[in-house]
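One chain, subunit A, links the two complexes that follow: it is found with subunit B in the first and with subunit C in the second.
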Partner chain A sequence: MRTVVCIKQVLQLGDEVEFTDDGLDVDPEYLDPALNEWDSFATEEALQLRERLGGEVVVVTCGPKQSEAALRRCLAMGADRAIRVEGAGRDPFSVARALAGVVRGESADLVLCGVQSSDAVQAATGTALAELLDLPRAAVITRLDYSGAGTAVVDRELEGGLIDRVEVETPAVLTIQTGINEPRYANLRAIKQAEQVEIDVRSAAGGGTPAYRIRKMFVPERGEGAEMIDGSPAEIAARIASIVKERLA
Partner chain B sequence: MSVLVIAEHLRGQVRDVTRELITAGRELGPVTVAVIGQEPGSLVDAVNLDGVAEIVTVTIAAGEFENDAYQAAVEALIADRQPRVTLLGFTVNSMAYGPAAAVRLGLGFASDVHGVALDGDAVIATRSFYGSKVSAELDFPGADGVMLLLRPTVWAPAEGQGSASVSSLEVAAVPSRARHREIVEATTSSDVDITQADFLLSIGRGIGDKENVEMFEELAEKMGATLSVSRPLVDAGWMPSSRQVGQSGKTVKPTVYLAFGISGAVQHLAGMKTSGTIIAVNTDPEAAIFNVAQYGAKADLFDVAEELEKLF
Partner chain C sequence: MARDPKHDILFEPIQIGPKVMKNRFYQVPHCNGFGSEKPFSQAYFRALKAEGGFAGVATEYCSISPESDDTHRMSARIWDDGDIKNLSLMCDMLHERDALAACELWYGGPHAPNMESRCVARGPSQIPSDFEFLTYAIEADKDDIRYLQNLYVEAAKRARTAGFDIVYVYGSHSYLPQQFLTPFYNHRTDEYGGSFENRARFWRETIEMVKEAVGDDCAICVRMSTDMFLGEAGTQLKRDCLPFVELVDHLVDVWDINLSGIAEWGEDATPSRFYPQGRALPWQAAVKAISKKPVLGVGRWTNPDMMAEAINEGKLDIIATCRPSTSDPFLPKKIDEGRLDDIRECIGCNVCISRWEIGGPPLICTQNATAGEEYRRGWHPERFTKAANADNDVLVVGSGPAGMECAMVLGKRGMRRVHLVEAQDDMGGTMRWIPELPGLGEWARIVNYRKIQLDKLKNVEFIPNMKLSAKDVAEYGAEIVIVATGSYWSTDGLNGASHATIDGADASLAWQATPDQIMGEGKELAGDSVVVFDNDGYYTGVSMAEKLAMEGKKVTLMTPLGTVGPYMHFTLEAPNQHRRLHKLGVEIVPYHLPSRVEEGMVVATHIYDEDGHEKSFAADGVVWVAQRRSNEALFRELKDSIGLEQLKAEGVDALYRIGDCEAPRLTADAVFSGHRLAREIDSADPSIPLPFKRERRMVDAESVTREKAEYEAMYAGASS
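And then the complex of A and B:
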């Protein structure tokens, strides 16, 4: 049983923003890296599969050297190996092609991806990857029932509190939704050990049309926005209370 | 500019997002709406709306959505009609086949799009990055056509009877590798129905700890509000999914929506932004929820909650 988990190091923007000189992205100084929240659930799901069925968990990311920190987070959680592929564009199709080049060689029983990344919210890379690998797929999974061979039964979380129960032939690519499990914390010793693991670095083959090109990036106009209530907590509470009482009267 | 809209339906009902896609599409050019399903003819009337030039039905074997069948049908429709733009909703079903069809056909692609415009002949899509704090304009050089997954609830749903021509397209069946079994109601009915509440006190990740839920339960009771939550609290197992507001939870429209510690992810906003009066308390002054709220306060949640409790 081999599970490949494709992860992403997301970049989080704080209160302030400046753009790069070409205006096509946020200045990296204003961005804090982190493991994508969805991918911690995908990694946990793979680790639980390994606990039940044996085998190994391989984590793969597409990104610069800096993104190895996210791979090491997964290694500290318990993943066996890590691969980083570099030199691809950042749009979902370029990333999917770069990942496909690596994942193809792993002969995985399951490939797990997060549904989406918190910084881009595209929900596209996993499904594009499945197509490039010519594998069956299912998206937005909140429950996975798999015995290690044959078909897996999965719950897809639809809008409005409905579940689509689906049987998927394997090997398959599944995109994992938050809440499917409870991602484990890595202890300090595991984090230290993960620092020592050698990460396999590959180069993306390149080629193929990107999904899109960014023409410019900007801070959106806010419209009117909220009327901000200033003052002490007591003053804020008093104003909220009066608004609530007036509206519900 | 020819536009293909893929209708989305569940349990024999066309979903609202389809009518929104028609509104977005007809601003670009003549709209063809494709209905893919076991009995697509029964859904034709529901999409024959003002601005729709043509409706094409594609019959597939599956009773509900299956991604292989949808992908094959959409690829055949694009090959046959050669649309410049193909519009899907940014929905759970589209996520399962849209990117696959686009990467296979070499289409330009963007998802969670909340603005579409034309610059001469070029399609320009606007979407957000970095937690909705910045927007970007995208174009699609080198692509023959473009597939866009549009964010739900941005465009007004199309209305008014249309006079579209109706035809069908035969698409060869493909093996379905992910087969629909059943639709299950995820939520338990024994809990309160937050969609019926006139006043919702809604809490999010900002409350920090499971122990703090109780404090807000008490506050809600004192204020006469029903307690609802954003997704992270359900994922963490602190509250049942029946209390969840948002795209994957419930869509609510109370007279007053009072949010504590909810930053306002797009999926959450889609489920509450049409509420009567929205009041948000958050420690982050840039939180997206302030864009839809009428009143906001940047303050410590617990201090405000404590003071508020004294007033009811």
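And then the complex of A and C:
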């Protein structure tokens, strides 16, 4: 049983933001790197599968040397091996192509991704990866029932709190929703041990059309029409109530 | 980040008599326990506020004569050249930081106990103090009045020599000039008593004389209480204060307007339990409306929007802070830089004030562990040196106030990795439920401030929902382990009055409970009546009684102490807390200790009854606020069962404990304990606090020779 988890080191915005001189990106000074929240749930799910069924958990990411911190986070949680692919673009297609190159060589029983990344919020990489690998895929998984071969039964989260329970032939690509489990914390000893693990670094094959090109990144102009409500708490509450009634009417 | 333009008004300069204040932030006179006799502690404490952006900083009340000696409490003194020298250090350090220095000239009249000087104060009438025991003043005749006024003049000149820019003629808090203005203190029938004009005469003349003496060089500030809440006998806003403003406005350069007398000065230094910030604004605005001079005033200001609003609406000119400037001396700078979430907001608990009320010890602050430590321990609230052992990883177990503070300071000191591990689902420990007690909502700032700071520290990770065993801790992978597991309320009645448990006390029974169980676990006691037993003496017992009474229970608050919540006298919460309990119909039974409890009944005896007559109190339930005990099981297991050697083999080089886990204490002291360990984590033995600088006179050969000679000379030729 081998599960490959595709993860991403996201870059989180703080309170302030400045852009690079070319206007195509956020100044890295204003970004904090972290393991994408969805991917920590995907990693935890893979670790729980391994605890039940045995086997191996392999984590893969596309990114520069700095992104190894996210891989080491997963290693500290308990992943067995980590692979980093260098030189791919940052758009979902380029990333999916680079990941597909690695995943093909791993003969995975399951490929887990997070539903989306918190910085780009495209929810596209997992789906593109399934297409490239020609594997079935199911998205927004909130429960996974798998015995190590054949079909997996998964719950997919739909709008309005509905759940869609489906069977998926494996191998398959599943994109994992937050809340499916409770990701474990790594203690300091595991973090230190993970620092010693050698990460398998590979180069992206290159080629292919990116999903998009960034033309400009900016903070949208502030809109007009906000109403500041002054007065006592009771007056403010009364005004809010009347606005709500007005809009609902 | 940049300042929000809506706060620009707070940074506009303002003219005060012959001086200019660079912005609108002013530290109003307040005590710190240093006076003139710990000049370095005094100067460093005040100068830090100037560094943090305060444009004007005052002394505490500064005695003008040995006749006004407030010992046991600690005031500043400007009696002689030595005091000038000592206070000039504060002035110099403020001036170096571009701030004005203010001196609050004080004469206590009947309130001054003169325990050190053994003098007798003079006052308007011979009625003993309503604040002190056994202190009477001489009823001043005309000569005494001239003498007193001259004391102000001479003290003002000394203040000018020391370098002060602003000189107060201080009346608030029922001190001498306002005693003359107030019928409660002034029963005179001569031209200094009776009519408004007569009652105002002493203060008016004194202001005139001080203005004449130093007014060209110093701004004259008058601090007046605009309502003493003493009914007709007290100072009244409309009857006394507004006419007084009109009478002397031309002599005054800035008004410092507040409320209350001294006996209930919690109406001025308002505990958050009873009042929100800005509570004195209506009175301050009333003075502002008729005065042509700038008006400053306190209000436990921490919210810059409210500060700006007070100025924009013409209610105040200058934002005066006392407690918020101690909780965060960098309040102005943080507003200026738009760093609002870095403001360490005062919680209005008044433990700072409690130290003054107790008499003597330096102030402490629940939010700011460095308050009072600026000089003696060299702690700066905003600056942290990288620890010499910063290449270590630290595990802090428990995220109550001590654990949070320790992890935060370790993070700021650049430790490689700090893991703050908590068994509950969020940070705070008991401070998660304490703010849910009646009136204590603002205390949540203790947790909120630290949570925000910890979140910003990239080397600190918070791990909730993880209860660690001793083995887990040993194998965690940290070189330094700090146990901060707090304390719990005793469940068996163990208490500091009898030093024994109480027969039948067992909080595991359905009809008995501890505050931890009620507030932390949601335990409910059945029935209509409850006895709350309190031998803690601070807020927990009375708060439990208040909460249960508000829920409709018939509450009996029983204590072996002579009064309930005696420490709340020091925090100025007592008077209004007594009013609350009385209004809620809580029956108070002092001097009683339960001898046994059984379902439906508490049996108690009067602690001074030598025959031990028992009295029964019917009650459906009992709440034990008896004493706290450290949660030390984890620490003991690590130290005793696993042992330091085995820990070393696992890579744990050091094991410490902090806060209530060591010994239960005030939250301020628990926070201090976490801060102290983190500040000294790279000392030779961090478990033992480093010595602090003590300002004391040192004996040397030269002084011994001189003192002996002076003594001998006194008796030269005297017969024995």
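Here is the rule we use: the second predicted complex is superposed on the first by the 223 of 249 C-alpha atoms of A that agree within 3 Å, B and C clash if a C-alpha of one lies under 4 Å from a C-alpha of the other, contacts with A are read in each partner's own complex, and residues count from 1 in each chain.
Note that in this section a contact is a pair of C-beta atoms (placed from the backbone, for glycine too) under 8 Å apart; a residue touches a chain by one contact, two chains touch by 3 or more.
Just so it is clear, the model here is predicted, and its values are computed rather than measured.
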Q) Which partner does A:187 reach: the first (subunit B), the second (subunit C), both, or neither? A) second
Q: On the superposed three-chain arrangement, identify whether subunit B or subunit C touches more subunit A residues.
A: B
Q: Mind working out whether A:15 is in touch with subunit B, subunit C, both or neither, as first, second, both or neither?
A: both
Q. For A:226, is the partner it touches subunit B (first), subunit C (second), both, or none of the two (neither)?
A. first
Q: Please indicate which partner A:32 is in contact with in the superposed arrangement: first for subunit B, second for subunit C, both, or neither.
A: second
Q: Could you pull out which residues of subunit A sit against subunit B in one structure and against subunit C in the other?
A: 15, 182
Q: Spell out the part of subunit A that touches subunit B in their complex, as residue ranges.
A: 11-13, 15, 17, 26, 31, 92-93, 96, 115, 118-125, 127-128, 130-132, 136-140, 153, 155-169, 172, 175, 178-179, 182, 209, 211-220, 222-223, 225-230, 233-234, 236-241, 243-244, 247-248
Q: Using the touch definition up top, name the residues of subunit C that touch subunit A in the complex.
A: 1, 393, 395, 417, 419, 458, 461, 463, 465-466, 472, 475-478, 651
Q.
Going by the contact rule set out above, which residues of subunit B touch subunit A in the complex?
A. 10, 15, 64-68, 90-93, 95-104, 106, 108-112, 124-125, 128-131, 133-143, 177-187, 198-199, 223-224, 231-232, 234-235, 237, 241-242, 244, 247-251, 255-256, 258, 266, 276-281, 284-286, 290-291, 293-300, 303-304, 306-308, 310-312
Q) What residues on subunit A touch subunit C, complex-wise? A) 15-16, 32, 182, 185, 187-192
